[in-house]
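Take a look at the structures below.
Note that subunit A is present in both complexes that follow, paired respectively with subunit B and with subunit C.
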Partner chain A sequence: MNTMLQILQKDLFIEWRARSRTISLISFAYTILLLFSFAVGPNAVAMRQHAAAYLWLSILLSSTLLLDRSMRIEIEAGALHTLLLAPVSKAGLFYGKALANTFQLMVLAGISIPLIYVICDATLVESAGWLILTAILGTAGLAAPGTLYSAMTARMTGKQLLLPLLLFPLVVPVIVAAVKATTLAMLGDPMDQIGAWLTLLICFDLVYWSLCGVLFGRVIEA
Partner chain B sequence: MSSVVQAQGIGRRFGRRWAVARLDLVVGANERLLVIGPNGCGKTTLLRILSTLSVPDQGTLTLFEGKSNPRENLALMAHEPGVYEDLSATDNLRVIAQLASKSTTSIPDILESVGLEDRSEPVSTYSAGMRRRLALAVLLLQQPKLALLDEPFAQMDPAGIAQVSTSILELPGAVIIASHQVQHAAPLCTRAILMDEGQIRWQGPASKAEAAWRALHVERGEL
Partner chain C sequence: MLGLGLLVWAHYAGLVHEETSEFMMGDVGRILYAHVPTAWNGLLTYLVAFIAAVGALATSKKGWDALVEASVEVGVLLNVLLLIQGSLWAKPTWGVWWDWDPRLTTSAIMVVAFGVVLALRQSIQEPGRRLTISSVATIVAFINVPIVYMSVKWWRTLHQDFSTPETVDATLKLPLRVAAFGMLFIGIFFVVARWRIAMRRLSREMDAPELPDAPKPLTVEA
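Let's turn to the complex of A and B:
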């Protein structure tokens, strides 16, 4: 637990020190959202109906940059070897990094949602609590497998291409559930389905966080 | 005398080529060993095996006489500094000290000893020589019982070499240095081994390492 908190603190500290990269990441997410709005055109109904999909696709595409960078900082100057020889617990290392990635993706989601409301003229029929809970569970579902795969691809040639190729198919269920839950929160949930989608997200998160935590140690030692 | 390294017939293969092959090595608790040899002779691979970051494909390696978790007692100064590019030298040492459960009070002294005091800029702006100094600072912070140094004098100016030599002498426990710069590394060591094609070709006192190194070059027709 102590190692996990230290890694979380360390990763967030590094991101704070290199915050120009965070600004680039937010700009990238905003650009994707604007491109979606340009591609759909002046169709307010379609924009409103698909606002949740645009939001989550923007987060997914931006997440590959963030996840790739999260492991690159460990590899580029050999810091990972220092950590392994420190020695830090590999489970602590994984959960610390995955939590740091979840937190950053949540911030990205929090910053993207206002733009979605502006460009898609979106509504919020249900409680904002549902939207926040969906954002937490959805970003956690991206962060755990993303942290594992970024560790797996960090030393490979063509890692920028490999990471999304490996990650995207795995997180399709998370994206589907997050988009459905967000859409229900935004447009209304007359049949009380949001709870079922969030339960599905919780199940995926539990599986990903436990499985990836077990596999991470083997991946970084290899 | 207790040993920190006991390697019996260790080897490491990359594809069909053995970088280290059937190598036997024993290093005492406070011994200072110099590893020399031409490029590609297996020095770095040997250090990585001894650091436990690489697993040997053959042979057995016993560190600290089989005590649990040898990583708690060893440190490796590799080609990369082993730090975070976005942080300053002080921030890096502080982060590493916290993760390795070491005291942070010695950080200013360590940075002064390697000539990196008053450096608040991120490591990404450092020169190659400054990165080597920082890598050594990480090692000094860890105070390991077995320090593995891979080319500690690479890209250093004469003043840096003198400073680094002094810092290496301050390291506690056993020290294994792999270096091409025999004239700088030999005075810091007691024993030396000469590696060629993954195996030990010669071993003896460090004071005779330069002669053995020259003999290998003559044999190869390079002198």
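Let's turn to the complex of A and C:
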């Protein structure tokens, strides 16, 4: 628990110190949002309907950059070796890094959602609480397998290709559920379906936050 | 050989005899005898891969590691065959090559999720790391299958109800069963053959390289 908090604090501190990188990440997400609107064309109705899809795809694409960087700071200068030599639990290491990644993705989502409102002229029919809850659960669902896989691919050749190849098929349920829940929150939910989608997200999060925590120790030692 | 024989016999029984033709679809429905066994055995092979991956992580024995490689490869092969057969059948019956039905979508995602395991194995040189990382990727991919299926099913059924009656008539059952066993034996044959190759390669990797000949002692003539 202590390890987890310290790793979390360390990662966030590093990110805070390197704010320019965070800004470039946000610019990347913002550019993707713009590109989606150019690709679809000036169709206000379609833009509003697909706003949630653009939001989550831009978060997913940016997440590969973020995850790659979060593991690179450990590999560079042998920081990871030193961490592994220290008597700390591997699970704590995983949960610390995964929480730091979740937090950063949440910040990214928090900045992207207002942008979506500006660019796509999105609406918010249901309460904003659903949107925030979806953002938290969705980013957590991306961060847990993402942290595991970035640790696996960190020292490989061709990791830029392997990380998305591993991660994208795995997070299909997260994207499906998060996009549906966000759409329902934005456009209205007359059938009360949003709860079911959030339940799916919670199930995914529970499975992967526990499974990846168990497997991370083996991966990081290899 | 037994598998091939059974498959030939089953396909003869299924394809040539009049009464085994499917009532609604006519001759097109006869792909059932190839398609359904491929699906069953593909899933079975992935199950073997999952068990082998757990075994490999628990024991670090190269036998399990070779089985992971063999069964994932055969599983991906069957999976690709399954998608091709499915598309061939879907065009004349549904009028489209592809449909976003949960089973189709899940099989398409499975190809990528398990195919990446093979790519991962190719890109890691060190045997110990390769064992750990490919086993972890296999376990995660396998556990993800039911979640992907669930999410896509919800995603579809909230739009429209999709159902296919799964009743198989008695006259179709015998060729189908025989074909399934035929495919099973062929699958086992492939996995075993592939396992042998993988074992040899792994053993060769782990053996020390052959030493060069020892220099001859100098003899000084008196």
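The working rule: the second predicted complex is superposed on the first by the 222 of 222 C-alpha atoms of A that agree within 3 Å, B and C clash if a C-alpha of one lies under 4 Å from a C-alpha of the other, contacts with A are read in each partner's own complex, and residues count from 1 in each chain.
Definition applied: a contact is a pair of C-beta atoms (placed from the backbone, for glycine too) under 8 Å apart; a residue touches a chain by one contact, two chains touch by 3 or more.
Not measured: the values here are computed from a predicted model.
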Contacts of A:Ile202 with subunit B and subunit C, given as first, second, both or neither: neither
Partner chain in contact with A:Leu165 - subunit B first, subunit C second, else both or neither: second
Which superposed partner A:Leu187 touches (first subunit B, second subunit C, both, neither): neither
Touched partner set for A:Leu65, first subunit B, second subunit C, both or neither: neither
Subunit B versus subunit C as contact partner of A:Leu215, first or second or both or neither: second
Between subunit B and subunit C, more extensive residue contact with subunit A: C
Touched partner set for A:Met152, first subunit B, second subunit C, both or neither: second
Partner chain(s) touched by A:Ala91 [first = subunit B, second = subunit C, both, neither]: neither
Residue numbers on subunit C that touch subunit A, as the complex places them: 57, 109, 112-113, 116, 119-120, 123-124, 128-129, 132-133, 136-137, 139-141, 143-144, 147-148, 150-152, 154-155, 158
Complex contacts: residues of subunit B adjacent to subunit A: 51-53, 69, 71-72, 74-76, 78-87, 91, 95-96, 98-100, 122-123, 131, 138, 142
Complex interface listing, subunit A residues touching subunit C: 145, 148, 152, 156-158, 162, 165-166, 168-170, 172-173, 176-177, 180, 193, 196-197, 200, 203-204, 207, 211-212, 215, 218-219, 221-222
Interfacial residue positions of subunit A with respect to subunit B in the complex: 3, 6-7, 10, 13-14, 17-18, 73, 76-79, 81-88
